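The data blocks that follow each hold one structure.
You will see two complexes here that share subunit A, one where it goes with subunit B and one where it goes with subunit C.
Right after this comes the complex of A and B.
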């Protein structure tokens, strides 16, 4: 532990950790309710996951194995730098394999592989208040949550249908937690919303700039808001992953040239690599097709 | 040992790592109500404090969290011990307390005077740490609610007599309400306000 001399374990001082830990316990006790906390300045800008980092720093211990994903990928800037941060300040083991991790910090995706009871998912949240774009005043949104007055959100979804013929929200799709609080599931694609429902894993949400922590305990109802005649639907992809051939997973579109060439690949890089290691091949990697051309 | 010496002894040997391990037990316990966990570190708490209750005090209390103690605890070295090790202020006002510790067998007439938070800020409520005689024997509690897949059944000996009624009243306040941690020696069991309890 001598190489940690410059920082306390996991960067934050112990008093800050206690304050965040108390907020986390209350957040778990009131599913979906946003607990205010005294967010600290972190050695990275707001918007880079300072909320998630503070939550992770407060719960992580020397025995944990950390995985960090950014839009499903382990190898993008945000994920790499946060992983390196915790290697430096907490000296913890890190992994890219979903099944090996005990804490997974995520910016807007839930891994394709089902999470287990021994895992905690920590979300980095930019705007925790689902009603904020409908009502800018904090005093008013707080009152709306207090009175369980969510009519405005249903009006917004209804107007979507009136304008576009469908609910056009594709990410940060509002959910109701345990039949009480309407919650912003952070800007995850709505494709991931059903995975939050009755999850085996504890889910914690940290918003650093907005100074809020909230939580969804395991085995808790998480229902995406909808109407009887316009039920909630997740995105469907016609293509399979071009590299691993996976179907029914969330895909990213990658532009290949300036002539309209493009490919669709798994957003969850670990899931994709794991499938390829097990011999699954998508159309762009298939040797038979190359030979035929 | 006189009270002064008791108050100054004990505490975490490795404060950073031991408080993290105790917190993770509390977090997992709150997330999975009714699961029984045992704290590992020995914190040398004065009687009649239990090992788990002492470890929880060291993990969560500091100068920002007024602590209320039941009558049986105030007459012992516990107030000085908490004050010395955590810096928390001991309060006699239940409504001010962020944490309240109750010794085994103490009569608990009501949760009503503890803070239940407000409708706008339900998180500003007291967390009660109640010592019971033992887990695994005594009354059978059937738990349902968030964090529990179907039902969790636990046996608790030495629950305050009127606990079922107190808890039903507490449930009715939701989202306001107190949260409870039951401790028995080094073991603990969490009951967040969302948990429904049927007692046989």
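Right after this comes the complex of A and C.
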């Protein structure tokens, strides 16, 4: 026997993939609804994206091109190891270019570049249940979803405003999908919530430890919860990216020295590189711009 | 009071296996009327209250409730969604232990506002204003609006639980020993408050208590239970001043002498 024969394509056996695909189909049919599935042991610990990995493993084919990001970067340990895993067990092409990918697995961000119909975004989800924080009983949260009793979600937002003067939640900001199910977009920054709305790409969410899969099919309404007098708004960044000059993108703060020096750069590293390749320059890379003028 | 009852209870029985919880209970409740259910420990008061409020499914019997549209609905044949909607809009349920009826880890304001948000209120400022208004009505200083009930005394918690229930303007409130866990002085103040609210709002209420003083102060009518059966039923003053059943006579004299 060859080495390859010890693995099935994409690690999971076909039976398991069929089971997960059925869960995915059901999730697509009921946007935002959490479908239970028999999550398998994966050769990586929970918290390392086992839910997303199982979803990706079930939908990936030999022709696919895979991109994996953690925060917005392709080069973190988590992203690198998941990418390497699929290279090994599925022998698929991988990329860091958003536009070249057919499947993008992410732990937080949605790429800045608009996704298309030929792309699938797979989210790694730690806690899929948006009602969990105030209602720990699973039987009760299930009932609340079934009966569309979502008052608690606003109780949480109310508390936020009462204590902070505004809705201070910046990650995992709850949304209502297709006017029916309230969904936790997981650790995605709320900056990216608007990108989920009417997306051309299929969005799949996998929670390994919690054994849940849910989905937002293409062109589905995704509305962030809010109050009339405290409307949802995304983070606004004053600065432009120091490297590529991009404005209106999600920025990470980078500490430069121990004297308080810092800069803000694109969290989406591929987006930043792509812009620089196309001649865009930020403040940091054009230090003498003013002097030259 | 109108000439149509709010609640029609017929033949309600609940068995726990072979043990009787309550047996063959029949009565009608009119809008704005307060009914006290009294009896010693284990007589079936809580069982009956839970059956009436659909928190418990009875073994037999029916309870019909007149909805806001004037039509009677059999509570046990409603869908769970309808029942739960009724419970958080047109009904209230005040637990003996406030922790059972409150969210202890969210602010007083959110506790009161929850029902409003549940029925679709989406204006923070208005929800807060209503919550604040209700806090003053139950004599909780409005500067406590952002405090959690964990930081409240027993009496305050109970008053908060009442505000949380009344904010949607229910027509019927169930209460299980509402003053039960409180100091005597605190009990008196709460009773006063409850009596005022019930009168002002024209609420119908079913109050379970083993304290005849509570029944005397709050209720128009009372039912005396023993071993799961209603053994006497009548206007509160009549039952307390002129009890007919020997058991009631004993019960009344033993307690009123204290």
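Everything that follows uses one rule, which is that the second predicted complex is superposed on the first by the 284 of 293 C-alpha atoms of A that agree within 3 Å, B and C clash if a C-alpha of one lies under 4 Å from a C-alpha of the other, contacts with A are read in each partner's own complex, and residues count from 1 in each chain.
Just so we're on the same page, a contact is a pair of C-beta atoms (placed from the backbone, for glycine too) under 8 Å apart; a residue touches a chain by one contact, two chains touch by 3 or more.
These numbers come from a predicted model, not from an experiment.
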Partners on subunit A (subunit B, subunit C) - clash or fit: fit
Spatial angle subunit C-subunit A-subunit B, Cα centroids [nearest 10 degrees]: 80
Residue contacts with subunit A in the superposition, subunit B compared against subunit C: B
First, second, both or neither for A:162, with subunit B first and subunit C second: second
Subunit B versus subunit C as contact partner of A:134, first or second or both or neither: second
First (subunit B), second (subunit C), both or neither touched by A:180: first
Contacts of A:62 with subunit B and subunit C, given as first, second, both or neither: first
First, second, both or neither for A:228, with subunit B first and subunit C second: second
First, second, both or neither for A:280, with subunit B first and subunit C second: neither
Touching partner for A:209 - first (subunit B), second (subunit C), both, neither: neither
Which superposed partner A:40 touches (first subunit B, second subunit C, both, neither): neither
Contacts of A:154 with subunit B and subunit C, given as first, second, both or neither: second
Lowest C-alpha to C-alpha distance for subunit C against subunit B (Å): 10
Touching both subunit B and subunit C, residues of subunit A: 143, 147
Contact set on subunit B toward subunit A in their complex: 15-17, 19-21, 23-24, 26-28, 30-32, 59-62, 64-65, 98, 118-123, 125, 127, 146-149, 174-175, 179, 192-194
For the subunit A and subunit C complex, residues of the former touching the latter: 134, 143, 147, 149, 151-152, 154-155, 158-159, 161-163, 226-230
Subunit A - residues contacting subunit B, complex: 8-9, 14-15, 17-19, 21-31, 33, 35-36, 58-62, 142-143, 145-147, 178, 180-181, 198, 202, 215, 217-221
Residues on subunit C engaged by subunit A in the complex (per definition of touch): 80-81, 84, 103, 105-107, 109-110, 113-115, 117-119, 122-125, 127-128, 145-146
